[in-house]
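Two complexes follow with chain A in common, the first pairing it with chain B and the second with chain C.
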Partner chain A sequence: MPDLGLDVLFKGKNMIRLLGGLWVAVKISLISVAISIPLGILLGIIMTSKNPIIKAVTRVYLEFIRIMPQLVLLFIVFFGTTSALGVNISGELASVIVFTAWGTAEMGDLVRGALISIPKHQYESAAALTLTPSQTYLYVIIPQTVRRLIPLSINLITRMIKTTSLILMIGVVEVLKVAQQIIEANRMSSPNAAFGVYLTVLLMYFIICWPISMLAKRLEKKWG
Partner chain B sequence: MKKFKFITAVTLALTAALSLASCGGGNAPATDGADTSDTASTGAVYRTIDEIKESGEINIGVFSDKHPFGYVDENSEYQGYDVYFAKRIGEDLGVKVNFVSTEAANRIEYLKTGKVDVVLANFTVTPERAEEVDFALPYMNVSLGVVSPESKPITSLDEWNADDEMIVISGTTAETYLTQNYPDIKLQKYDTYANAKSALENGSAAAWANDNTEVIAYSLSTTGYTVGIPTLGSKDTIAPAVSKGNESVLGWLNDEIAALGSEKFFHADYEATLADTYGLDYEEELVIEGGTVAE
Partner chain C sequence: MNWDFIWEYLPLYKDAALLTVKIGWLGIAIAIVIGFLCAIALYFKVPVLRRIVSVYIEISRNTPLLIQLFFIYYALPKIGIPTNPEACGVAGLAFLGGSYMAEAFRSGLEAIEPIQMESALSLGLEKSQALRHVIMPQAVSISVPAFVANVIFLLKETSVFSAVSLMDLMFTAKDLIGLYYKTTESLLMLVVFYLIILLPVSILGSVLERRLRHAGFGS
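Coming up: the complex of A and B.
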């Protein structure tokens, strides 16, 4: 068994620090997802509009968020708000803003796709049964849309958790940063710690993301 | 048309609900953020010494993964040569020190936006940086060095093999120096110190250029690596940095560094934090006491 330097994890509060860092990453993802889902549904409904101006504006927003690397967005929000607006926001808040903007764009596109994918005959059949448009949405369209959406939006959570590894660049000490701190503080006593500590971080991401991913898969099978 | 009316109604309802929800969710993380001081009230980006004293807290940007200058120990405590000085600043000002974890690539941005009052992150003084931030008196000497595997030591950059790559950390002096003076050397850039170190150990490049203190410490602690080039480029100094134009904090820091010279503070700092890594042989060479550089 090669020396992976796993002993550094049990020095002092190191394990608790790593778990604390993981919680920071998960917390920021969950808050962002919680805000993104309703905002994204709203955006998705707006995106199905036939108004060319609304279509163009939402399209530009979606493409802008998708094309820009998340790191650039984080820097713009974290440092840009201070230099341009004089508002000093914390790294955590900047992360939530960026992840929410990103999540809203992704959710919006998913919702738009789900709404469009409901065949026209569903609307027509509902009308034939003398349902009002609001009844059509409530009893026919929305239940079918939600079924298609839930697995996809759960996947968005795992993507967000993984992307939180970037927020260390704006001073938020999350699990990866804690890992780097532990490796550095012990680089003389345990020069091999990097592998073991990164392996532990990998397992932590896996333990958090795998059940979420499995849940999405099950729901997809059940409702798909 | 009816469909559109419905959508409008849904939209309005959701907007109302969401503006409430996003307020609640968005504000929550701000309360436990480290740097929520308001800079907007004074109009200036930075805070003066009086404003810092009044708030009872000073925000100091340090490295959290750069042993032995700024790192976090197993009990979540910031430690190291820069941190030792930062703690003394807090003591002498009578305020609590709020450590902010910075990276080499974002130190200047933190000062330009006033998100920290002082950066004590192994910050090498260069003319380019001095245009963007103000440096106080220096407290340490530094030049560049190059570390390479003992099996294939690099002792000169003049006979550089065109296929080999050199590791640098983005935003460091080494990157600027090599880009200007050795444009033919292919650089492998990393954002964090820990990643650069892993890259060298994984053999993905021939050598790693960084501050010489860093490479000396690295080679002393890691078997199989040697500092083939101990000094490269001009001799530089490391100094605290403040936001451009912050005369108040700059003046206070300069007085503080000069005054600390009489009690040999930085020698004590070296012995407490750096001696374990560099040994006592390098003490006089590395330490600057009272802000005056020995010739």
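Coming up: the complex of A and C.
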């Protein structure tokens, strides 16, 4: 049995430190999701507007955010704000800004898709049954939209958690950075620590994301 | 804006973009093959293989590429599997992309009603003929939107390659910012080069999607 460097994890506070690092990433994703869901719903509703200017502006925003790799957006906000505005923002703040902007775009697109996927006859039938517009929304449209949206929004959470691993690249101390520090500190005593530690980090992400994706899949099947 | 600076370092970005494209397309090509084989294994419910494929898909889809790359690049050599940055980039992208492609193909295959297969068989077609002439053409055209979305997603994911010391666009931009403090110029070139790589795929994708929509039966 070769040395897989798993012993390092049980030395001192290493496991606690790794979990602390993971929490930094998860915290940033949860904050971003919490802000992007309401903003995304708002954006989605705005995007169904018929005004050409509003349509064009929201479309450009959406397309730019979605076509650029999230890491490029992080670089723009993290390095760009310093040089353009002269303010120095922390890596954490830059991450929250970028992931909120990204999450809002993704959520906005989901909401827009769900809203326009409701067939026109739903509105017409509701009107034929003498429901007022507010009643139509409350009892007919919103329940159907929400059912389509909930699994997709849950999926957005796992995507957000996976994407926040990128904050390492703008110098935020999160789980991968802690992992590097642990491996570096134990280089002499356990040269194979990289295997055990990175395997643990991989499993940590899996343990967080897998149940959430399963839940989304189940809800999708139930309400699909 | 210092245009001389941009002009001087343009070749650097060009090389980096070529590297991104090279590794990106190689990884995606392998991912398509993996995804196709996995989707077939799931569709025909091949006994043991089916379980292995499901486990692979769940692991690959529920972990970030950055961590997968770190694992391949720094952890695998410890158990005697050597890597180099380029092989690691291709392997990481193929590992991540395989599961996304598998899901795209599988949903295409599952969207075809069983009656299509039954009708084909009752017309005297062999199972392989039915698959090739009846099921596949429909399944492929249904999976095109998901397939294009995956290609764009995977090309975007290549931006993390600099973490395993590949000299890609991110690496070049960060290097230039660090060396010369020409932040605006470096970031502008970064954005422009990513647009050059990604926009054509995105546009081609929407054209393809529109044309293939007519191929689906009854729609």
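Keep this in mind: the second predicted complex is superposed on the first by the 223 of 224 C-alpha atoms of A that agree within 3 Å, B and C clash if a C-alpha of one lies under 4 Å from a C-alpha of the other, contacts with A are read in each partner's own complex, and residues count from 1 in each chain.
Basically, a residue touches a chain if its C-beta (ideal position, glycine included) is under 8 Å from a C-beta of that chain, and two chains touch if they have at least 3 such contacts.
Note that this is a predicted model, so its numbers are computed, not measured.
Q: Could you tell me whether chain B and chain C fit or clash when both sit on chain A in the superposition?
A: Clash: chain B and chain C overlap once superposed on chain A.
Q: State whether A:83 touches chain B only (first), chain C only (second), both chains, or neither.
A: both
Q: By the touch definition at the top of the document, which applies to A:210: first (chain B), second (chain C), both, or neither?
A: Once the two structures are laid over each other on A, A:210 reaches chain C alone.
Q: Looking at A:169, would you say it contacts chain B, chain C, both, or neither? Reply first, second, both or neither.
A: both
Q: Is A:75 touching the first partner chain B, the second partner chain C, both, or neither of them?
A: both
Q: Is A:113 touching the first partner chain B, the second partner chain C, both, or neither of them?
A: So A:113 meets neither chain B nor chain C here.
Q: Between chain B and chain C, whom does A:194 touch in the aligned arrangement: first, second, both, or neither?
A: A:194: touches chain B and chain C.
Q: More residues of chain A are touched by which chain, chain B or chain C?
A: B
Q: Can you list the residues of chain A that touch chain B in one structure and chain C in the other?
A: 75, 79, 82-83, 168-169, 183, 191, 194
Q: Give the list of chain A residues in touch with chain C in this complex.
A: Touching chain C from chain A are residues 2, 4-5, 67-72, 75-76, 79-80, 82-84, 158, 162-163, 165-166, 168-169, 176, 179, 183, 191-192, 194-195, 198-199, 201-202, 205-206, 209-210, 213.
Q: Hey, which residues of chain C end up touching chain A in the complex?
A: 58-59, 61-64, 66-68, 70-71, 74-76, 78-80, 152, 156-160, 162-163, 170, 173-174, 177, 181, 183-184, 187, 190-191, 194-195, 198-199, 202
Q: Touching residues of chain B toward chain A in the complex: what are they?
A: Chain B reaches chain A through residues 2-3, 6-7, 10-11, 14-15, 17-18, 21-22, 25-30, 32-40, 43, 45, 64-67, 71-76, 79, 100-103, 105-106, 109-110, 112-115, 191-194, 197-198, 201, 221-223, 277.
Q: Could you please specify the touching residues of chain A with respect to chain B in the complex?
A: Residue positions touching the partner: 8, 11-14, 17, 27-28, 31, 34-35, 38-39, 41-42, 45-46, 49, 75, 79, 82-83, 86-93, 95-97, 100, 132-134, 137, 168-171, 173, 177-178, 180-188, 191, 194.
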